[in-house]
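In order of appearance the chains are A, B, C and D, and numbering begins at 1 in each one.
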């Protein structure tokens, strides 16, 4: 496996103005919570997995004695107006070249599915607790800024940079002739923020024309956090074992 | 050499339900001891070597003045029911992308040989000494879980993740339509565990339908350990020399 | 995105003895100030962007709510005698292999545009303050050394090595049959040097046969510095966040 | 430039049993001194350069105002019996994958020139001063061991591993059907060893059937050392500047 690979389970045909919505780990876990919740509520179906040499070289043992490779996954929901493709995953690529490779492969797959619009979801860390959480956005076109702006997303106020797939995906989308935006929930940054996630679910539900019930969000957010924490611990353990092994002279002889 | 390379010595034809069994270095040296012992007892013949840019850039000097590149090797045993291909080696790739590349090349080779099943052998480190050692397993299909389960392998109890080829090989096997499992001997983790290795040899001997005499296992395990230790020391020395050179301003000018 | 990519906005045809002039960040910010100033004064038009997996994996949020990927850009000025292509950018590749890849792609693009000459602009750090700043040069041919020499550029006195694109571009140009030179302004090295930049603008303006008004240079240099500083801070912040995340066990899970 | 590149100046035809002899930097500078001395004494002609993304991303300024990219070079000497190709260079690749890539490209070039034998020259560091210096060897075939053995080279006594091109080249040669050997002069290891170099020149001169006068070797060895030292300092300086820049927040913005 020399390159990031998208393993397709089915080849969906004739999607109606399909859009990609990503829910990858990041600030305040907002993207992941939003993505996972919508996939579960909408009962979206898995259509593909993404595996990559830029993910850690370890696999998880499942409760029933199976093997789970570290991966991202695509899910399809056939909506009334638009078809939605969600991208979920517990991890992002571990290096800059890896991040570019993975994002590029995702956009290639979008083009294959004739997706013309990419929405990433993230958090905008302010380091402060606020009561009224705002939604910030950046987008690759005036049209998107207008559409999201009308729904209350604030453009032009968030400052600085967006690290990882949440920023790279819309940027590489644009290079490939797709439109892209990143919707960020205002958040403290160091804990899981379900309030911000909820706001984004409401926004996307409206924007995408799909009804999403919010009542299970809090409990599911906890699950997301649990899963992510486990993944993090596993990866961390493996790294520590390897470091310890190195110090005991048994280094990369695993 | 831009990519991992499999150097074939012969092209075996028409293997009968061939299976790959790996014996690479890892926890408690179990995989390596099991693999090497079975290859020697069964007098399996070497059919290919694997060299990789992700192995250390050094070669070993042999006792008779030869050069041994760092490599993994494939051995073939023509069994009565099934043909067995073993993968042995003193080292695994040194980076995540390297691990994925090497595992991918191994599975490509399996497909070339029409291998449909991959079994990796490893250790499950508990940090404790136990009298009754258990065998844990993970597998990519119910069929395998059932088959190994009947022979006493415990599925669904081992927790956490498997680092390196022992985990990646069955996972990448699955992506390519092959079945895979990883059999782990319960072990303390910080010393060579011949008791656990013995149990796995007994299991595999039965599972694969080949008779393997156990009486030489203890002494051969010591040899395995000696070889691995030498490899580790050499690689470590080379790394230290390079570090020392760096500090003396002669850095990567080797 | 597996490789550095040049995204063309237009395909300029029949350029007249075109030359590439680079203005990338480096010692004393001289190259960047010179390049950006000439592009703005000459109102050169953007013809292509260069994006690379060897740039940091983050994007900038713009004031109007847009997304700016980290990139280098090519600008074309149709001169009376020669057509000039400028290369600007806030960053260079982050690793040696990345530097070679990016420089190679730039020279490939030069060949596509039938550019036969490459001029890079940099600073020659002396660690000293001098009143009379000299211009030093290196070049791949006697012809260039003669031409620049007549205009006061000193060849054969600068010692040591040139790091990054300022050195690699003319060197790789030569391998590909193009001529190349690097013009360096004598500078202290640790602050932005507009005096040195001014001298090089005067030189290039004469050498390339384009009139460039100098009066806005000082103020624009400040802008350049502001932009670069912002870029640096953003990249630095992202790196620190990632490091901090690593220490809090949330590592490459962004 | 995505890969190591061999830039050919001429395409030598019909070489007579050609052999590659390498003189790259390494222990005691022995290889480099031997190679450079033989090239100069035999007045071998440069036939190709090798540049690589795995070399440092910097160029040297020459005394006459030229640009020298970091490279290795091939030289051809048309002998009476055999044609000799020498490989010289101030540096080796900076990573394991880089070392494998460069060595692989060198062997590809050997095959193009129909070279069937590769001889690398290195030092065998004992950490001790000895009066009678021995020559140790490793080789890929009995034939070579016999031939060199008759001339006093000792096989089977040197222990451990050979790091870098001196070891990888004969090993990768063998994989490609070429013969290879590494001749090592016994040396203390931490200073330049012209006595050991002299012995190897005498050996190779006899083995290859070319007369080489030894009288200038001492003085030329000093030159070699001077050149290498300069290269090392430059690379080191560049690395330190980059590190310092990193600590001042201007990091990879060169």
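We take it that contacts are C-beta pairs under 8 Å (C-beta built on N, C-alpha and C of every residue); 3 or more make two chains touch, one makes a residue touch a chain.
What you see is a predicted model, and the numbers here were worked out from it, not measured in a lab.
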Which chains are shared contacts of chain B and chain D? none
Measuring between Cα centroids, what's the chain most distant from chain C? B
When the C-alpha atoms of chain A and chain D are each averaged to a single point, how far apart are the two points in Å? 50
Chain A to chain C: how many Å between their CA centres? 35
Show the residues in chain D shared as contacts by 2 or more other chains, in ascending order. 56, 94, 235
Looking only at which chains touch which, which shape fits best: line, ring, star, complete or other? ring
According to the definition already given, which pairs of chains are in contact? A-B, A-C, B-D, C-D
Complex interface listing, chain C residues touching chain D: 3, 25-26, 56, 90-94, 96-97, 99-101, 103-104, 137-140, 145, 155-156, 158-164, 167-168, 170-172, 174-175, 180, 182, 228, 231-233, 235-236, 239
Which stretch or stretches of chain C touch chain A in the complex? 1-2, 5, 7, 51-69, 94, 98, 234-235, 237-238, 241-242, 249-254
